[in-house]
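See below for the structure under consideration.
As written, the chain order gives the labels A, B, C and D, with residue 1 at the start of each chain.
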Amino acid sequence: MQEAISRYVRDGDAVVIEGFTHLICFAAGHEIIRQRRRDLTLCRLTPDLIYDQMIAAGCARKLVFSWAGNPGVGSLHAFRRAVEGPGSPLELEEYSHFGMVARFSAGAARLPFWPLRDYAGTDLPKANPLIRTITCPYTGVRLATVPALNPDVTIVHAQRADAEGNTQIWGLLGVQKEAAFASKRVIVVVEELVDTAVIRADPNRTLIPGIVVSAVVVEPWGAHPSYAHGYYDRDNHFYVAWEAISRDSARLADYLAEYVYGVPNRAAYIAKHPGLTDRLTARSQVCAGVNYGF
Amino acid sequence: MQEAISRYVRDGDAVVIEGFTHLICFAAGHEIIRQRRRDLTLCRLTPDLIYDQMIAAGCARKLVFSWAGNPGVGSLHAFRRAVEGPGSPLELEEYSHFGMVARFSAGAARLPFWPLRDYAGTDLPKANPLIRTITCPYTGVRLATVPALNPDVTIVHAQRADAEGNTQIWGLLGVQKEAAFASKRVIVVVEELVDTAVIRADPNRTLIPGIVVSAVVVEPWGAHPSYAHGYYDRDNHFYVAWEAISRDSARLADYLAEYVYGVPNRAAYIAKHPGLTDRLTARSQVCAGVNYGF
Amino acid sequence: MMAAVAARELADGEVVFVGIGLPNLACNLARATHAPNLVLIYESGAVGASPSRLPVSIGDPALVTGSLMVCGMADVFQLFLQNGRIEVGFLGGAQVDRWGNINTTVIGDYARPKVRLPGSGGASEIAAHAHRTLVMAKLDPRAFPEHVDFLTSPGHRCRGIPRRELGLPGAGPVKVITDKAVLEADPKKGELVLAALYPGVRPEAVRAGVSWELRTRTTLLELPPPTARELQLLREVLDPRKLYLKS
Amino acid sequence: MMAAVAARELADGEVVFVGIGLPNLACNLARATHAPNLVLIYESGAVGASPSRLPVSIGDPALVTGSLMVCGMADVFQLFLQNGRIEVGFLGGAQVDRWGNINTTVIGDYARPKVRLPGSGGASEIAAHAHRTLVMAKLDPRAFPEHVDFLTSPGHRCRGIPRRELGLPGAGPVKVITDKAVLEADPKKGELVLAALYPGVRPEAVRAGVSWELRTRTTLLELPPPTARELQLLREVLDPRKLYLKS
């Protein structure tokens, strides 16, 4: 991980760590904080705790997003301090979820924009002049448009991949596929490195092909406190606990000092959470396979 | 099948029987021929043998397509007679594969058009005035557009579905998902009807949800001479044999008389092909399942 | 009571775009009572979810395991929502105004907000495309201003323009379910009016919770309290740990 | 010979958009010899295919089973081809003209065709987006006209307009592999010129197969014949039933 981040994530990059609730790569975010990357444009539908931590650590110059909260709990307070504070240091570029999804879809298809039926009557286009309109050449109706998003680097956490980066994901898929295809560089972080034969045994499960992947990192538990379906559950206690930690910038600094700067890697981070793996390891509920014979 | 076709396919409808090589529902096409539907607008990327037969049977008024041949063999001669003949009776609306895929994508997303980087320098827009251009509101570049395709009825062949029409497909996916979501009515034809528990055991395999499906028909071997991955192989011998049959309109009429009009249903059709099931039944190569536990 | 009232708004077999919290409780209450065939769709990509535990996030693995379908978010927004397949959408927000517009973005000025809220998420497009939306919010004059500070999700009249002129496919917020009463959009003007009171609530108590001159529908209903069965399901089965039920 | 020549054009590790027939043979010959890591992508949606039998159609199940990935055709054309991930595309056609334009649509007038051909399929977009394309066609004056009757797939100059002015991302048809020789696009004008002869073929024989005044590249090469290994692989392993090898 250390090598992949130092090699593929540079100061000033547009960085995407995607995953909707599921498969959010906290391990990569922490490594970026440890390597003290600066002036990043952080892009994600839901900044979530990981970008709250990266904002608090001073990695971010700008945030491109659609919903910035702690799901089911409350606020991202480091984000709020950066926005509500006098002379807010954090630049914002804001869309709705559909708008962000459409930006990734355009980027992945190498189209300069994506049309969508959205935003009529809302204040969002006033807050973000990049939300524009286009007229349909057949019906004459006006549609909203968003510009393509083509990040410098996207980090995708996944259940498994082979050494070439052929990546399989099940459970919630978010916009992982679109983000990977839209990106100039792609780092895939997996719970498990598998033989190519495992991938070839069920090709319909492959979401991202190796030809778009720059590096594969094996990092078990790399998504905690997010989750990896079939490997470990979401650590909802930590999401609740984050409310109090992030509310107090001193406590947040202590958290980063102990759990991010204070550890050399993910293994050490997990070691600092006794009982965590017992508490969250997924139970087994394996589905049946399908017949690829002919 | 008889009931589903009589209920959901009407004279003059825009009809889609999709499936790219894989899962082409010949059983539905034959039933449409038997019920003597007329003035249909047949839409498919590759008209294939099934539309050649429906054209020969007089079901079609118009063809919307992107590649009209017998893959790896030769021509669709009923199609060619209808087009090359004096005062061709068949109206054509022609795109490229990407153009047809884009039309289904627009229809499925309920957008009036879809933008694509295509057709520059070609004669296709001259042959089809529905291929137009639009200017990007961000870059000013001109992009091609195609109009949405929203058929009256789409027939999707699949490996399995539950009684509500929650449909699972593996192997080649073609544009089955987009065609189903784009269509006003959807008939799903399956090799196997399964309990909903089978669908819920592996939700990532579901391609089409029951809420968009009008009817579910159970029709084993319903795709022959096309194939159903994991159930039976493609009947390449028949595709080769079709060259000689379709070349001679009398032989083609005899074929329809014996194998379409001459049988009441799919079971009788299969019964007329001794040894077929032995020859084409898929061998078993079942992949491993994945863990949905948490 | 709010969850019970919301549950009663759902007809069996309807396709519902569900949020976390009270809407999720309401949907599962409806499934457990009069609407067993409700199809729950979450913006995270779970379709036909049948959660084995109360989901604490919209991306809870319990929404995936045992669901009918999982799809990417591009499909959720394009093939389901924009396609017009969603019949009911649930919305909430820090501010709901006289015309049913919702603000989940900022309190105060956008550039220098007093309070920075999470933002739209999927709310803006749900408000546009769901056949109808149900809004859930607790009465409070600050939460029910005459006009929202920021218009995140369109209601029946946006900055003076009637909804139909904006070309929005859905009917918009037909009902606002509060902690004391249900407000409805006036069919003609689209203004929110008092439509039904919870047991023992007086109209003045409702008017005190909104900052405009709240009109009352000609026929003001009084809603029956939650049945014993509804309360038992909510308290013992659906939310035994009181994650979302305050009382 | 054509398959062997085409195979030598492929570098190890390249991403190739493959058609059925000779292109498929050429790719599998390359994989069996100098390019084991070639990534084969078929428009049907099979990525990284490793067919256990010679596929007789572009949607053969043998292209799916054992492949690295299967995706829908919307992804094939948008995420792979339009995205610029395809390095080499194979094309063929009934007519290839002086500028490398290809016709697979009609012979004669579009409205009243003498011969109705299958149409574009994916050829039009492959010609536009693949980083470079290789065309395979047998020499014949009718197959190599000065101008195609219908321009299905763009070459280096379309109806007088240079390719670069059309904003096409790919470099277009860099080589045309025929049964007697290899033609190359002149780097400046984009016109096809005679670049290399097969063993024992005289230039006149090639010119006789083209209906325009075929120019010859300053350095005219003679290509070595297929090696014994190449012939053995083609005849005994890759196409023992001679589905695509005529001799």
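Definition applied: contacts are C-beta pairs under 8 Å (C-beta built on N, C-alpha and C of every residue); 3 or more make two chains touch, one makes a residue touch a chain.
Just so we're clear, the structure is a prediction, and the values are computed from it rather than from any experiment.
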Comparison of A-C and A-D by number of C-beta pairs in contact, larger one: A-C
Relative to chain D, chain with the most remote C-alpha centre: C
Distance between the centres, which are taken as Cα means, of chain D and chain C, whole angstrom: 57
Whole-Å gap separating chain B and chain D, where each centre is the average of the chain's CA atoms: 28
Centre-of-Cα separation between chain D and chain A, whole angstrom: 40
Touching two or more other chains - residues of chain C: 46, 61, 64-65, 70-71, 78, 82
Residue list for chain B, restricted to those that touch at least two other chains: 110-111, 116-117, 141, 170-171, 173, 177, 204, 227, 229, 233, 285, 292-294
All pairs of touching chains, each written as two labels joined by a dash: A-B, A-C, A-D, B-C, B-D
Of chain D, residues touching chain B in the complex: 20-21, 43-46, 56-61, 64-65, 70-74, 77-78, 81-82, 101, 105, 110, 112-125, 128-129, 150-154, 158-159, 161, 163, 166-169
Chain A-touching residues of chain D, taken from the complex the two chains share: 15, 39, 46-48, 50, 61-62, 64-70, 75, 78-79, 82-85
Chain C contact footprint on chain B (complex, rising order): 108-111, 166, 177, 181, 196, 199-200, 203-204, 206, 209-212, 292-294
Complex contacts: residues of chain B adjacent to chain A: 110-113, 115-117, 130, 132-134, 136-139, 141, 143, 145, 147, 159, 170-171, 173, 198, 201-202, 204-205, 227, 229-231, 233, 282-294
Partner chain C, residues of chain A touching it in the complex: 20-22, 45-46, 65-69, 71-72, 75, 79-80, 83-84, 88, 94-98, 101-102, 104-105, 116-124, 126-127, 141-142, 170-178, 227, 229, 233-234, 236, 239, 285
